[in-house]
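Each of the two complexes below includes chain A, the first together with chain B, the second together with chain C.
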Partner chain A sequence: MLGLSAYAIWLLCTLAEASVVVCSLVRGSFRKYLALNLYMIGSVVVSVLRYWVFASYGYASDQYAFCYYYSDVLLTICLYFALTNLYAHVFEEMAAEKNIRFSAILLLVGTAAFSLAIVLQSSHRFTTRFFVEVSQNLNFVGLVLTYILWGAVFKLRETRTQLIQLVLALGLYFSLFAASFALRNLYPPASDLLKNMDPIIGCVLPLTWAYAFWRVPSDARLRPAGLAVVPR
Partner chain B sequence: MSRKLAALMAMIVLVGAMGLKTVVAAHSNTTLTASNGGAPPPPRDWK
Partner chain C sequence: MIAGIIFACSVVFLLQFFVSYCRSLIAASSKQVLSPEVRDVTGISASASGEDFQRVMQLLHLCPETPEDRSRIQAVGAYFGLLNFMRSTVARVVPSLRAWTDAERAHCAYFAAVALERRIAFSRDLLAQQMDA
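Let's look at the complex of A and B:
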């Protein structure tokens, strides 16, 4: 049985996901950040689908667990491609789009192969465990990629405010995911409590991206840092 | 950036990410974590 707060967070998150798409459409950024918006549209569809399964079969049913974890894999893959879309924006002046796409696919295949190797060692529910493992590993790959992108943004002195905010929000989201995962492994007794934090972590990304699309104009630029004063 | 360098970067990222996960889950690797969307996670782990 779910509490009122769980329903409220679920609804808030779904509305935030829809508002990302609406805000980017209104501000004219929909096509520019197409992969991000497709991920958000997918998230809204998955939320509705999960609610339908939840209402039809119940919270503790196998159907809900199946729907929850399988849809999570699909969303994680979509988020991974949204991240590569951000890479393409940051490195657009270097015309590295083909190489970024090649690396992204190679990394995805590598992650799947690594997950397969783990699952082959120890599982009786092969398919299920494989997809869950891919999802978790992709989240860690996303975390590392986002930190590298942060470094690139600082190194290349990126000034596009909206792009910077989207990248920072993604870094925050992946960091929270990794922290939750680590704490649950380090302190198993607190696992149930931390598990209930997952939906709150899930709200971080749509809320911060909606803010970035709504409050920051697409052509806004950060003021370059002042010149360094070098003593003679 | 050559294609070989791109492949090398991808492999470095993969090794780094899996290393990080191994460090984080050193004590156990049974946790199922999913954080896409605001739906409540199923009451029991699905393994």
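Let's look at the complex of A and C:
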């Protein structure tokens, strides 16, 4: 059974995801950041699907657990493609889109195989354990890729404020989830508490992206060196 | 072992992304010039200092909220809290870090003053609309 606050966060998160799409449509950025918007549409659909499974079978059911973890992995894979979209924007002058996509798919398959190998060695609860392991690893690889992209933003002196904020928001999201999944593996008794935190963390990305699309003009510029933690 | 490494790296990356994200929010407001009346109200004359932040935030909470700036102000408030924590712990040992946290706290205060200016303008517009109606 979920509390009122959990329902409220769930609803808020779904509305925030929908608002990203609306904001980018209104500001004319929908096609420019197509993969990001498709990911957000996917997130809304998954939210509705999860609610349907939850209402039909209950929170503690195997069906809900399977639906939750399976859709989570699928969404993380979609977010990979959103990330490659951001890579394509940063490297657009180099016309390296094909190479970026190929590398991302290779990395994705490698991460899944690595997670499978770990789970096959150690677990009797194969399915759920595999999804937790794959989610942790995918989030971490996503985080590393976002960090590399952030490095490229610095190196190439990317100045588009909107793009910079989209990248930073993605980094925040990946690092929060990677830390949460890793902590679940490190300290299993905290799993339930951390699982309840997921919807709150899940709100970070749609809220920050909606802000970037709505409030930051597409032609706004920023000096990336001024954002470094260590002054340059 | 792998989970431990992932956790440690994630926390370090999280801090870096959080600081950079907050700085990107603050950067936009640093170019704006404060009006003389906001300077009078906040007591920020030439340049802001970290000590001004709490006072400006109190003034900010007296004005009606605009939905767009709420999450931004919360994020910068959390960033200010992080800077205060660093200032009272690590920066005591590393003097250069103290100068950096002081400069960042001042930027946060200036950001809050710019947000106050926006909220005052928003309140005036609201009042004007009500008068017209």
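The rule is short, and it goes like this: the second predicted complex is superposed on the first by the 200 of 232 C-alpha atoms of A that agree within 3 Å, B and C clash if a C-alpha of one lies under 4 Å from a C-alpha of the other, contacts with A are read in each partner's own complex, and residues count from 1 in each chain.
Here is the rule we use: a residue touches a chain if its C-beta (ideal position, glycine included) is under 8 Å from a C-beta of that chain, and two chains touch if they have at least 3 such contacts.
Predicted model, so just to flag it, every value in this text is computed and none were measured.
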{"item": "Partner chain in contact with A:Phe30 - chain B first, chain C second, else both or neither", "value": "neither"}
{"item": "Chain B versus chain C, judged by how many residues of chain A each one touches", "value": "B"}
{"item": "Which of chain B and chain C A:Leu222 touches, first, second, both or neither", "value": "second"}
{"item": "First (chain B), second (chain C), both or neither touched by A:Phe81", "value": "neither"}
{"item": "Which superposed partner A:Leu107 touches (first chain B, second chain C, both, neither)", "value": "first"}
{"item": "Chain B versus chain C as contact partner of A:Ala6, first or second or both or neither", "value": "first"}
{"item": "First (chain B), second (chain C), both or neither touched by A:Ser47", "value": "first"}
{"item": "First (chain B), second (chain C), both or neither touched by A:Gly171", "value": "second"}
{"item": "Partner chain(s) touched by A:Thr161 [first = chain B, second = chain C, both, neither]", "value": "second"}
{"item": "Partner chain in contact with A:Tyr57 - chain B first, chain C second, else both or neither", "value": "neither"}
{"item": "Those residues of chain A which chain B touches in one complex and chain C touches in the other", "value": "136-137, 140, 143, 176, 178, 181-182, 185-186"}
{"item": "Chain A-touching residues of chain B, taken from the complex the two chains share", "value": "1-3, 5-7, 9-11, 13-14, 16-18, 20-21, 24-29, 31-44, 46-47"}
{"item": "Of all residues in chain A, those that touch chain C in their complex", "value": "118, 136-137, 140, 143, 146-147, 150, 161, 164-165, 168-169, 171-172, 174-176, 178-179, 181-183, 185-186, 207-208, 211, 214-216, 220, 222-223, 226-229, 231"}
{"item": "In the complex with chain A, residue positions of chain C that touch it", "value": "2-4, 6-7, 9-11, 13-21, 23-24, 27-28, 68, 71-72, 100"}
{"item": "In the complex, chain A residues that touch chain B", "value": "2, 6, 9-14, 17, 43, 46-47, 50-51, 54, 59-60, 62, 64-66, 68-69, 71-72, 75-76, 79, 94, 96, 99-100, 102-104, 106-107, 110-111, 114, 123, 125, 128-129, 132, 135-137, 139-141, 143-145, 148, 173, 176-178, 180-182, 184-186, 188, 191, 195-196, 198-203"}
